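Consider the two complexes below, in which chain A is the common component and chain B and chain C are the respective partners.
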Partner chain A sequence: MNETSQLSYAFVVFISAIFTQNILLSYFLGLCPFIGVSREVKTSFGLGLAVIFVMTTTSVLNWVAYHVVLEPLGLQFFRFIMFIIIIAAFVQFVEMVIERYSPFLYQRLGVFLPLITVNCAILGVSLFMVIRNYSFLVTVGYGLGSGIGWFLAIMAMSGIRQRLANERIARGLQGPGITLIIAGLMALAFIGFTGVLQGN
Partner chain B sequence: MFFTVLIAVGVVSTIAAGLASILVVSERFLVDYGPCSITVNGEREFTVDGGKSLLSVLTGEKLFIPSACGGRGTCGLCKLKVLEGAGPLLPTEEPYLEKEERESNVRLACQVKVRENLKIEIPKELLAIQEYTCKCTDIQDLTHDMKQFRFELIEPKTIDYIPGQYIQLLTPVYEKSSEEVYRAYSISSDPADKNIIELVIRLVPGGICTTYCFEYLKVGDEVRMNGPYGDFSLSETEAPMVFIAGGSGMAPIKCMLHEMKNTGNQRKASYYFGANKVKELCLVDLMHQFESELADFTFIPVVATPEEDESWDGERGLVTHAVERNLKNADTCEAYLCGSPGMIDAVIKVLKKMGVSEDRIFYDKFE
Partner chain C sequence: MKLTGSENKKLMIEGLWNNNPVFKQVLGICSTLAVTNLVLNTMVMCMALVFTLSLSAATVSILRNLTPHNIRMMVETLIIAFYVIIVDVLLKAYWPEMSGNLGPYVGLIITNCIVMGRCEAYGNTNPPGKAFMDGLFNALGYSFVLLIVATFRELFGMGTFLGLAMPYFSGPYWDKWIIMVMPPGAFFMLGIVVWVFRSIQAVREEKSS
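Let's turn to the complex of A and B:
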């Protein structure tokens, strides 16, 4: 593929990662913070931004680690351990830097970093990029798109939950129960995007 | 094959070691906030190395703040007031704090990091929580699966607690468990004996701590415990009381009865104690002794299904039925329940039906 078609392919993957292949609503990855931290729009916003940042950067880092180190040595089977180590170390490092140098950014974004270190959506993005054999450019688009997709999903969910806060909900369904049902309905709605783009 | 394994292990170890050393070095330079002093309630002051969470620093200083999630910011239990030095409220704390709490500087200790000098306020009852080293001085069989353990405090020598509270007993590493675990047990001793803690423990088949207590703990052994915790306690009203318990739920009720005797409490009280068989009843003599020592106290043991060779002329059936049959003027009573969740839920249902309002039912569920 030449560079222009690479770029347009990356763009297609980017868009499809947001809508048709939404990492949360089509693959149900990263559900734990999605259910746990979606009570308020403000909190979800911070968490969503943190996820966008971490997904994009770690998928790029892991792409480099995979293609520069693991593949030449024939150690592809080690990618699980490798990716987890890299994600954990990187997130920890970023948290330390932010905390030290930007209290503002730390308060908005930094506090969420430990929550998503061991998030399966982050690892999932890195693994999908390997399975689907994405090039570097496409990986950037995929990581960013997946992050934005996750961000949109949690923003929508927290918006709904904030409105629900004053509604009467059957006792057995309060909290995670109703949240999972809403997530299911949202996933159904996102199925409506299927067929618009097939970018994998 | 051998070669691949060697390279694989080598490469992964190198990368992991490299990343780890980057983290260690950067932590050295980035997270070094120098010594910070923490002032508690304007009285006690101590200095710690900055950079860790307030919760872990306090635990290190043996100030135990309740926390169920291990500092991940999901239980909202480790609330305390931070008057100075905490920085702005973090979004991870907001969902757990009410408006009034935010205004009075309440924070979650696990989310606040120690970066500068702090001034904090810890509620008095939490300050009373300490770690105790004790020696087991007596083990007594109560029934076939319940024992009463008596411990003498060595360091600190005395404990102050509210009857109804519990302690957490540390089970050390032993043959059947490779890690230290804490389990909560209600205190059953006479609160007047300030250097004694007595526990009534029922054997849980396969339980780490109860197996340790029943099969390994010997008179003369040293154990560690911390506490006291919990808000199950006698109210200060004059309403007649009904105690309802089963199994090791005997423990806190016994402690409360001692307290009533010590303080000359004149309230009318009755105590329904449920067991399946006659041989599962315990401390019956002591309870009858309380009947003669307390102003107006009746002990009503209830046996569900006495075995054929057991003679029993007392109450039969479930404890809930006995309460329904015997409790008069239930709507004026306060109820104190202690035992398994199933029993407590059933009793609460019956009491409500008999007209006891929910705010007069106090309970401690043994889960």
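Let's turn to the complex of A and C:
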């Protein structure tokens, strides 16, 4: 494919990763923090931003590692370990950098960064990019789109949960139960986006 | 060391019911929920999880006195990744079709919070035998809940069970619930299962107190 069609394909993937194929609502990735940390809008915002940033950069780094190092060596099965190490190392590195240079940012995002290492969505995006054989540009679009999609979903959820805080909910349904049902309704709403993009 | 029967029983009750990974701890559903639209896929995923969780908890426990405290998490992740790679390679070699169906979700067992959670909470401080049993029963507790979800999703959504047509549900009188096969169905079904089990637990606690 030439440059322009690559770019437009990357854009299509970007949009579909946000809406029609939301990483959380249609692939169930990153559910644990989604259920655990979505009680307040403020914390969800911080976590969401951190996810966007880490997801975009690690998917790009992992693309490079996979196609430049692992593939020529024929070590594809080694990718799980490679990806995990890259993600963990990158998160650690970012934590150190922002702690040193931007105390303000560290205060807002710092506590969320360690949580991100075990966020399945981050690893999931890297694995999907390998399975679907995305090119470099498309990977950038996919990583960024998935991050934004996750951010949107957790923001919406925390907004809803804040309003639910004072409602009376059946005892067995409190907490995770109601969150899952709401997530189901949200996923249902997101299905409405199907057909926004043709041929996807 | 040798495990006594009563200790095993206690671990079993904790893992399967009192402290069930899915409806009590709500951990680690990410990697498996996606494949619950078919019972067969779920079974394979759950078997992979049972294998990984029990063995990695035991391994973490064997190495617990040798691992430096500050790189503990990294070592745990590598141990888990080791077992997941075994599963992945075996599946690819002997059952490529299933490997394709499961896609990235086998690899995602690495970041499954329940595996890490059990290694961290139990494997780290207990002897290997106990850690193995704890991992095993947690994984089984996890599997049985997800198999319930998968059974209902496949039955209502496609009218089949394990790919076999079921009498009433595949007939003309049953309007197939397409929504059950799609992502929202998984959320709804799991929400309902969590609700039911938590309510039963609450009632029991009330009675015993």
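The rule is simple: the second predicted complex is superposed on the first by the 197 of 200 C-alpha atoms of A that agree within 3 Å, B and C clash if a C-alpha of one lies under 4 Å from a C-alpha of the other, contacts with A are read in each partner's own complex, and residues count from 1 in each chain.
The rule is simple: a residue touches a chain if its C-beta (ideal position, glycine included) is under 8 Å from a C-beta of that chain, and two chains touch if they have at least 3 such contacts.
Quantities reported herein were computed from a predicted structural model and do not represent experimental measurements.
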item: Clash-or-fit label for the pair chain B, chain C on chain A; value: clash
item: Chain A residues touched - chain C or chain B, whichever exceeds; value: C
item: Which of chain B and chain C A:158 touches, first, second, both or neither; value: neither
item: Which of chain B and chain C A:81 touches, first, second, both or neither; value: both
item: Chain B versus chain C as contact partner of A:16, first or second or both or neither; value: neither
item: Touching partner for A:38 - first (chain B), second (chain C), both, neither; value: neither
item: Which of chain B and chain C A:187 touches, first, second, both or neither; value: second
item: First (chain B), second (chain C), both or neither touched by A:59; value: neither
item: Partner chain in contact with A:139 - chain B first, chain C second, else both or neither; value: neither
item: Clashing chain B stretch [against chain C; choices 204-212, 276-284 or 312-320]; value: 204-212
item: Common interface positions of chain A, toward chain B and toward chain C; value: 36, 78, 81
item: Sites on chain C touched by chain A in the complex; value: 23, 26-31, 33-34, 73-74, 77-78, 81-82, 84-85, 88-89, 103-104, 107-108, 110-113, 116, 179, 182-188, 190-192, 194-202
item: Complex interface listing, chain A residues touching chain C; value: 25-32, 35-36, 77-81, 84, 88, 117-124, 127-128, 130-131, 170-173, 175-181, 183-185, 187-188, 191
item: Sites on chain B touched by chain A in the complex; value: 4, 7-8, 11-12, 15-16, 19-20, 22-23, 26-27, 30-31, 72, 74, 87-88, 90-92, 94-95, 111, 113
item: Residue ranges of chain A in contact with chain B within the complex; value: 36, 39-40, 42-43, 46, 65, 69-70, 73-75, 78, 81-82, 85-86, 89, 92-93, 96-97, 99-100, 103, 107-108, 111-112, 115
